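The structure that follows is given in the form of structure tokens.
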Amino acid sequence: MTTDILVTPDPLDAAALIAALTGTHPDDGAMASFVGQVRAEPGLEALELEHYPGVTETALTELREQAISRWSLSQALIHHRVGRMAIGETIVVVAASAPHRRAALEAVSFLIDRLKTEAPFWKRVHTKDGSHWVAARDSDTSASQYWRDQIAQEDA
Amino acid sequence: MTTDILVTPDPLDAAALIAALTGTHPDDGAMASFVGQVRAEPGLEALELEHYPGVTETALTELREQAISRWSLSQALIHHRVGRMAIGETIVVVAASAPHRRAALEAVSFLIDRLKTEAPFWKRVHTKDGSHWVAARDSDTSASQYWRDQIAQEDA
Amino acid sequence: MQVHIRYLAALRDRLGAGETTLDLPGEITDSEALIAHLTSADVAAAALAAPEIRLIRNDRIVTRPSPLDDGDRLAFCPPFTGG
Amino acid sequence: MQVHIRYLAALRDRLGAGETTLDLPGEITDSEALIAHLTSADVAAAALAAPEIRLIRNDRIVTRPSPLDDGDRLAFCPPFTGG
């Protein structure tokens, strides 16, 4: 049994999570997933993720419920690591399964796009000269807004 | 070392393939994947996949190269099973990794959408009363045409 | 000229023979003329004329109408349904 | 009324104290009046007025302006950058 929502300082095992979601629901023809990992950048020695305990889990739970409802998902999970991590380590795993592929693929896009701007996480880059907070990207805001608009249109 | 293109009668291990693609390229911040599996349908006892040996692998290789070129992917793989399989078994695994998430997510959508209409595979459903070929779905043709149009626009 | 023809998947069930070698009259130079010729011998072959039927020529998926050459290995295919 | 205030991530670095409890004058009834009040004591608090600054009130992410009540636990946050 896999926890659907998890925020943890421990390393994430994307493959194990994906294994837990495949072949488990006989009505599911499609499972999509996204793995975010620490990318090498000039000077980066480690990435640190701060979050707001409790509020973060609630935000992720709400995003998951929105996705399940909108795309009639059978399964959906969001696991996010916090604390300090090295290049190549997994930051986040999002996965969704559904009868058909479009639902699973869109739900995963939605979850990772919305997570970036709607769940209280903050990234800090550690270099050998010190550390700095990562600035929000306009493209992340746009991607998140796209889904907000989509949902607003459907509810209208 | 994972084979990028594989058509095989043996069971596919999606999790192992995804594990092979995560944390391996330091410039990759994003890995997306899609797993297609046999969905339960009324009367379905097994699904059988026929293909055209050689031509299928060439078609998958070309789709992979198109995706790598268009989205500047670091890694991309397509593994497809053929022969007879049971409900819940994995039919296809598509995965792509790139520096940023949009590239990885779009590439996976492209690969599975185009694969459905551009690689010579045919599905046959076995029931206890016999078997029948699966008809092509209009929605699959539309999804594939979407990407063909997108690429035509960019090349124009 | 001579061509080798295969029918795949549902077309194999529908048109019978999985594989055949044919000597063609000289006026047949492309895939559509071949389909008309096949239909004259077996009316079921008219199904090949449907635009969704794909043609594999010498192990390459080609667009129809496709030119034909002596010795071509042809495979007529129903729409692909993988994934 | 009394509120508990936290500054998170980059705002914590910028505004110093991670956590503070304040007694507010009666005319302050919403988040934007609070920000103006904080700015009068510390000009750096003007950064809180930027529209991208998010507010968490009693463990709920709320839209600004938000009403305030006695005993509220508030957290001002820079834009989220997870994933």
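Labels for the chains are A, B, C and D, by order of writing; each one numbers its residues from 1.
The rule we apply is simple: a contact is a pair of C-beta atoms (placed from the backbone, for glycine too) under 8 Å apart; a residue touches a chain by one contact, two chains touch by 3 or more.
Remember, predicted model here, so these are calculated numbers, not experimental data.
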{"item": "Contact distance in steps, from chain B to chain D", "value": "2"}
{"item": "Chain whose average C-alpha position is farthest from chain B's own", "value": "D"}
{"item": "CA centroid of chain C to CA centroid of chain D, Å", "value": "73"}
{"item": "Distance from the mean Cα position of chain C to that of chain B, given in whole angstrom", "value": "27"}
{"item": "Chain A and chain C: spacing of chain centres that average the CA atoms, whole Å", "value": "49"}
{"item": "Residues of chain C whose C-beta touches two or more other chains", "value": "83"}
{"item": "Junction residues of chain A - those touching two or more other chains", "value": "36, 101, 112"}
{"item": "Chain-chain contacts as defined at top", "value": "A-B, A-D, B-C"}
{"item": "In the complex with chain B, residue positions of chain C that touch it", "value": "8-10, 13, 52, 54, 56, 59-61, 75, 77-83"}
{"item": "Complex contact set, residues of chain B against chain A", "value": "14-16, 18-19, 22-24, 26-40, 87-90, 99, 101-102, 104-105, 108-109, 112, 139, 143"}
{"item": "Interfacial residue positions of chain B with respect to chain C in the complex", "value": "36, 49-52, 54-55, 58-59, 80, 91-92, 112, 115-124, 133-136, 140-141"}
